[in-house]
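As written, the chain order gives the labels A, B, C and D, with residue 1 at the start of each chain.
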Amino acid sequence: MKKSQNSENFSPELSSSSSSRTYIEIKEHVRYSETDQMGVAHNKNYFEWFEIGRTEFCRQKKIPYKSIEDRGFFLVVVEAFCRYKRALRYDNTFFIQVSLQDITAKKVVFSYQLLSENKKQLMAKGYTIHIVTNAKSEVKNFPEDIINKLKS
Amino acid sequence: MKKSQNSENFSPELSSSSSSRTYIEIKEHVRYSETDQMGVAHNKNYFEWFEIGRTEFCRQKKIPYKSIEDRGFFLVVVEAFCRYKRALRYDNTFFIQVSLQDITAKKVVFSYQLLSENKKQLMAKGYTIHIVTNAKSEVKNFPEDIINKLKS
Amino acid sequence: MKKSQNSENFSPELSSSSSSRTYIEIKEHVRYSETDQMGVAHNKNYFEWFEIGRTEFCRQKKIPYKSIEDRGFFLVVVEAFCRYKRALRYDNTFFIQVSLQDITAKKVVFSYQLLSENKKQLMAKGYTIHIVTNAKSEVKNFPEDIINKLKS
Amino acid sequence: MKKSQNSENFSPELSSSSSSRTYIEIKEHVRYSETDQMGVAHNKNYFEWFEIGRTEFCRQKKIPYKSIEDRGFFLVVVEAFCRYKRALRYDNTFFIQVSLQDITAKKVVFSYQLLSENKKQLMAKGYTIHIVTNAKSEVKNFPEDIINKLKS
């Protein structure tokens, strides 16, 4: 994800220069049930869209999230943030861009941008921070091979 | 749930006379996120409300649904139906009434009514049919003691 | 939607022969947030998927649902039904097939089938019945041109 | 909400001392449909719970959010943050505490804490930042009387 030049980086932690970072992108539509009576997509759905993006990120890195869980590792969300820029409305097409902000054996940070259909407008941006656990919610280290695939 | 006399029973299967059937009742509010751009509660939420009602039904029968799953039994929904009568809007108070329509070792049927705050208007009614499985989704028989508690 | 020969038609009302009825189809994935602790897609999501199918049905008939609302007509759900056949799990690919079961100036009935990725298994089927209202929730007649487009 | 002394304030912006700030509290349960296949409440639901808390906050301040919208003002979320501390599971009882962090004619900041049933454990904390708009999404100033009620 080519980082923009502006100063809107939402957290010092996330502002590290990373112009070479790769991102994946998927296209989505706003579902009717995702709108609320204000006529726009409800704020909670953005976190669901972030997650769809993560799923696709892992798939494109040849390590589907399902296969990660099948090996007994879970990416538990410990922090989530979204800045909403412009409203998304019913049936709007938008793009979800996901990049891996940071990864260690113990922590994974994804960042997200939602773009308008013509990709000229930033609709929202955010990040999620995850720790790695097993099925019993015990903190674990991510295996090297998974880290390497996600970083590839 | 004292069945009304009218002819609106939504299915022959469910129309059996059962005037003595007991019901439990809980009070809920429509959440903002449950509305859609039409300004009313979205149709899918009614099935979530039915489920909240089931949870409360089991609790009041002294067999919390959590304890049923802890014993390895799952009530899997195989059929769900709702008839929407009057719209529910943001922050509206309403009542969910749940009764056990039918129960055997292999099948459980719950029926539901949603009533307005003053209980004078029927907002929606519906039913769900469940089979009993274990954690591997294999069909099982419900133990006698659970059946008896739910019927009590 | 070519109706199967079996006797599982969920309602006499909906069993009318309609072998020539056309259907539209879209492909979807089960989102992580759509699963519940049973490890399968929660029953309420099927009604959201039905709706995505309706949206796509209208779009393919050249009368996007958004344009219907923009003209002041709303398709209000008055009845919804789903029969769940086989569980859908996280990241499963599935197909939503939608056909127009019935349409008059006052009532529209859609029917739905959810198929497995290889299209060999019926995962779920259902229907929704809608009336036509204006923005004030007053019952209205659907204009001829909209009916004709949807029927085309 | 009596602020704790610890250094976990999630943002400098939000760390201003405010020991005298009042909070409202409501009790909730985790719904089955709010869990995911990890067996815990999905991260997106916390933002829905924050919103339920806001609704209750306004109600207790004698200015129900519905009445704010009825006067043509909308509290649009421009930023949302949650830090997840401990997992919430199906049917867990928890408390949502909401306080008004900051309010001006143009911006409102709410902060939230989710506590365990015995109130001894912090399950999650977060904040939302809102601007004020009219129904056309134009930025507006909040009327004095609403500000005063919310601050009371």
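Basically, a residue touches a chain if its C-beta (ideal position, glycine included) is under 8 Å from a C-beta of that chain, and two chains touch if they have at least 3 such contacts.
What you are looking at is a predicted structure, and each value in this text was computed from that prediction instead of being measured.
*Asks:* Given the two chain pairs A-D and A-C, which is bridged by the higher number of C-beta pairs in contact?
*Replies:* Counting C-beta pairs in contact, A-D comes out ahead.
*Asks:* What is the chain whose Cα centre is as far as it gets from that of chain B?
*Replies:* Looking at centroid distances, A is the chain farthest away.
*Asks:* Quick one: chain A and chain D, Cα centre-to-centre, how many Å?
*Replies:* Result: the chain centres lie 23 Å from each other.
*Asks:* So the centre of each chain is just the mean of its C-alpha atoms; given that, what is the distance between chain A and chain C in Å?
*Replies:* Averaging C-alpha atoms per chain gives centres 30 Å apart.
*Asks:* What parts of chain D, by residue number, touch at least two of the other chains?
*Replies:* 32-33, 38, 44, 48, 51, 90
*Asks:* What topology does the chain touch graph have (line, ring, star, complete, other)?
*Replies:* Shape of the chain contacts: complete, all pairs touching.
*Asks:* Which positions of chain C touch chain B when the two form their complex?
*Replies:* Against chain B, chain C makes touches at 38, 43-45, 47-48, 51, 74, 76-84, 87, 128, 137.
*Asks:* For a test of understanding, state which residues of chain C touch chain A in their complex under the given definition.
*Replies:* Touch residues, chain C against chain A: 29, 31-33, 48, 51-52, 55, 64-66, 90-91.
*Asks:* Applying the document's contact rule, which stretches of chain C touch chain D when the two form their complex?
*Replies:* So the residues of chain C in touch with chain D come to 32-33, 35-40, 42, 44, 89-90.
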